[in-house]
């Protein structure tokens, strides 16, 4: 386990280093962020002053080393655009993304796994075929398109649900959440559905494939031979046996959605971090980009680590260090 | 004793593949498996030209590993293998075509995407044993030799039965015109009725082509049938070696005796159900083999010395040797009745 | 002879595949008495496993039992509902598989798996169930059974796992156990231990057993009765000793003769020519005819089982009898 | 028998049994043909600005424009005939999907097989790299790259490749690692044959089935990813719109009732991706020996 | 009563001095007052200053409004103004507000309500500069006036104390800005107790939010939705002129990178240096179609770089004609009978319709023989490249935010000369010596009429040269719940809650 943690830390450092270098060089290659954020009427003098203020006049490697040394002191820098510490900026937006993503990924997982098990258990029934058809659609249709249709239908035509924004929030532990209020919840529904659709499809496919494979194994045959009922077999045997890939994908999806729900957040004007990063990219707000990517790397390392812990929890072979 | 195929002090270890993180963790004193498996441990063997050596032992005792080292597929961790004085491997790469292999699973040992004729021709073409233009007739010749219809060269492996595939695999090995053939359980996955065909083919070919053979099997009756001499392996070591009839007739190592005893034999005449002997306990983990003689925890003859020192390989007769502190007792007991 | 616990009559199980109908089991009949061990031998693909699955009603799609009857303790199984069948599986008839590694669920403890198997048929308190489980583990030769209930399969060796599977199969003292090559994947030394134990257990509990194997040597020392399968059919059956000593079907005879143990070392073995037929494209008549040196035109029709005393064979030209020359 | 039973023929025989998959394959082929012959069958060359007339812009389906032909699917804000634009857009989308798919396939396969075959440090290095990348949202990566490299076909393909090659590498690695351990590879190496020969003649061909499956999925994915990037404003030049770009361009018109500008390209895109995925699913099922009947 | 406004962009900080962006100032105007107010047509009016006049060549005197109180109850006086002016260069962000005080050399407090502001030379447009000079409380902001502390201090609300119509309640970057009415506002009491500004950048989403009733009013209704909105009984569409004009810019350098002959070969010289070519381009452009079709009516043809009526725009400039035949003739005349090929660059995501206009332009130019490859790209890529002078022909919008010409012509039409702080945005190396002279002179003229005439002359010369070709003036549309609001569109496109009244 210790080896695992160290390995993960090494990886994380690697990603962060690579990412930060790429972003530094990339932003440098595109051009001076100043040219995007500065107003047209500024004189050369003022432009130069702004460049100096942001430290953009120094050689790139110097800027990088300043960044690194600040990083080592726990300072991820300040946004060019907002002039506030990047961490604060991300911190204020994280809860919005967090609740949206958790709700959608969790519900997609529960629903997807159930449907997937059904479809894998009765692969030839027409219900399964319907489920699979839905999953192919969910898998294929680009999410911005779905989002648009959702808004058009539920918000504009039917007027049942709000078209965007976050709605009322309640403070819990000093953080604003919107899921506890009815209004807030109604705002979450559409974006959550939009986000969940792809994951739902993915989970269905994963659970179905797992179920189909597992149902043919001797483990299940043996359980049947012992007279276990089908429901016991599904609940006690199958569910555990298909859980490993599902948890892996759950983790990765959770991570990538947390990091990047940008399409949904854009369409539904959800004030989350995904929106923040794409906005930062369009204005070349380098500190935000770098810090964000570093945090994403961290996030993934953490998630991977948690997944490993969960594996160890549910799979005794992992717990005991036996290669499965 | 001199040999055509000589195997000198060959050992082969399999270490765990540690990630950087695990290495660091191990340094820091974390719980990381760093022990390695000693799959083959200090094996020395001489095989005479034209001889068939049977290699027997339970699963995981290192038969295949030894076979692969001899065949030049795996480099040994230490020790050397040479044929007629020429080493099989140099710097971890195989440098001879004089030793070829036939594998256990005929379904895995042929490339499913390659026509069988091409699979057989591939090696000889690469090594100039035949020209590309003549490859077809060259292959056809070997097909006939192993009892296959030469017209079948255009087929794919899935169009053949297991026994036929094993013949193709044998043809592929023989087409390289080897002096030494390593057969790693060539009949283990075949049906009994097919097994006989392949054994017959094998007997005929080794004789006709004067092949020197190492024949690996866990099926004692097969080994007994085909080999001139037999080596018994336990946890990576050769515990007994000798002419087949002698070893089967009078095992010198208690493990050999117990092994023979626990194999179910075909009982043709007993009206009563037979009882056979069993060895107590199970094979220890090769990661942490017992001290001294690896067999001592299961051995009925074990004494103090067995747990303390590893028995040396001692000659019993000219062609026969054994690694046991108590082999006289074992033989003596047999001698009495 | 007392009433058989298991009586199989003209059982046929076919697989309806895209390539055609695979007659994996085709008209198999046999009886099994209480406590009796029957060896079922035959080449790979001859239908042994499918026969076993058919008995438990575990044939997967696209296969199904197309005809025949299976009577277990007098109850006809083929007409039972899935639910009824399930109630009998594990209680009246159970099965063990070849690969002990694949049989047990690696994510559940031995105890949990045994508890599930107990709960399937009885409602016992936790402690009672544990006691029963531990008891059985002890019976199959697992020391300190109580403690081992909390272990996971990977903490056991292959042989131990197979013992656990056997213990699970024995939990409800079924009338019949189908053992599908349970020792093939094990080391010889372990195989011997298990064979030994199973035989004693069967004798003790009165459980009848169908021991599937391709190794004549194994069954010869274990089963009192033997059935030889070829291409989905039982071609010969009878008491083991009789059958081995005096085979009637040319296939049985060839099988015995081809064993290295029966030949002089170094000498060519008697071999059965040809290859195992594909069940898809079986010619009409005796499936062994193409490989049989005794075959005549008559063999183009399907031979029926010739019964004689306690044995039977399906052959027009049995070994040891004169070849009847037909017109 | 021998001819009839080449692996390909057997594959096709099995494939043919799933009618939906055959239909989907037909759709894919049709769409590829439409894309290939876009220039011949389109009433208009929508990429030639001299052909367009602003007076024809945003006309509903069925409008007869200044070109004299009926705009069956209507026109877009630039007066492009949407049907033609869809054919040409298909061409670009498929081009990009294929190009990105093939390049990532080659790079990924090369990396994966090298790692599996060579082993040791190189294996560790390559696979770490791939793992790292797999744990990173593909679209984020693509986005950063497009943002950094600027817009254009090559950049877009580059971004898609960067986002996807790792999947191929992982798959190729897994397959090659499994094949590497099989006896026939061992047999070839034991002959001995040169490593290059073994990789090219044995390892590579036997790793293709899973790669084909991944390739179909990834091509569909690239097309969809390209559409998404276009939607986010990081796609191709607006004058040569891919399907995604057409959708994105029409997106603002959805609310004002001029649905056709966005919906028809969207429908084309969805049909294409769904069809590819259905074909991919069937291929996957066929390559999975455990599910074979 | 609550007014919820859906806006495209919000402030970047609560510190009014942080950014010079229009959306930032717009938000700040709710909380803070400026010294000089700009009215709906951008005419300057008294704000916190009641009057101003130059007292010599480099000094302006400002009289301040008395009796104004900050939200915390403290009094507003000259100290706060001086503090604010001096604070700006210290705390400004990258979109620098220092431009508003660039001419200020010093501030003298004469009495609590009188200030003398010294400038670096004649600064005729100083009051115009001050329309976005927000006055913060010198006490509340005292501790939050370094680059490190400014944003935090204001974002937390500690320093967000202004004299404006609304008090700060809460704000999140890119999220909601919540305000509550200042009952003591000197202009009177606003109609809304609470104002929420929601940032919804996506045009469709913003409109959807309006239609779904989540917001009461939105700004920047996209041109594509405008017609439909007009027909929608539930929503009022309020149209107003914008200060933005789309200009086509033609590189005047000897060698220009993105032009070539039709066959791909290099041209001997930059065709855009030839007046005939530039005129041909002008004739090729059908401004009416551009407005009616491309912008669906949401704009006006433009003949110069500023909207009519702005200080320095000239009535003498004729509206260019659309005459493709003449364009072709001129091209042939200039030695390009077969035309040539050029890459046209523009933004696709900055101003409403920018990408579409650009593509329309491409069609029009191609039809007279100038084969135009249109690259409507992200502003992220466009602006840095434009600053590097990568382009030969490009189009982008320019807004005369100050309402007068020195700003527009000084940035675009003067040759780029840092010494005189002019021409910073002249990215085509346009040089007309006469124009340069006029602009330099104009900047020093304290007499308004004289200055106006000078700029008008400069504008006429610039437009005659056709290196800058003005295409269309954009219009902007607000959407509001039908019958709910009374609303007067502003030229600077600000959406100011205080000036929105509930309908009777």
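Note that the chains take the letters A, B, C, D and E in the order they are written out, and that residue 1 is the start of every chain.
Everything below uses one rule, namely that a residue touches a chain if its C-beta (ideal position, glycine included) is under 8 Å from a C-beta of that chain, and two chains touch if they have at least 3 such contacts.
Chains and their UniProt names: A, D = ABC transporter permease; B = ATP-binding cassette domain-containing protein; C = ABC transporter ATP-binding protein.
Everything numeric in this text was worked out from a predicted model, so none of it was measured.
Other chains, considered apart from chain A, form one piece (clusters defined by touching). For chain C, the chain whose average C-alpha position is most distant is E.
Judged by contacting C-beta pairs, the busier of the interfaces B-C and B-D is B-C. Chain geometry summary: the mean Cα position of chain A and that of chain B are 53 Å apart. Distance from the chain B centre to the chain E centre is 86 Å, each centre being the mean of its Cα atoms.
Centroids built from CA atoms put chain E at 43 Å from chain D. Looking at chain D, one finds that residues 147, 150, 233, 251, 254-255 touch two or more other chains. Residues of chain E in contact with two or more other chains: 204, 208, 211, 349, 378, 380-381. Across the interface of their complex, chain B is touched by residues 43-44, 157, 159-160, 187-193, 195-196, 199, 214-218, 220-222, 224, 241, 244-245, 251, 254-256, 258-263, 265-266, 268-273, 275-276 of chain C. Note for the complex: chain A touches chain D at residues 11, 14-15, 18, 22-23, 25-27, 29-30, 136-137, 139-145, 148, 152, 156, 212-213, 216, 252, 255-256, 259-260, 262-263, 266, 277-278, 281-282, 289, 293, 296-297, 300, 304.
Those residues of chain D lying in contact with chain B across their complex are 1-2, 5-7, 124, 182-184, 186-194, 197, 201-202, 205-206. Looking at the complex, you find that chain D touches chain E at residues 48-50, 52-55, 57, 77-79, 147, 150-151, 233-234, 237-239, 251-258.
The part of chain B that touches chain D in the complex is made up of residues 19-20, 68, 71-73, 93-94, 97, 100-101, 103-105, 108-114, 119, 122-123, 126-127, 154-156, 158-159, 169, 172, 176.
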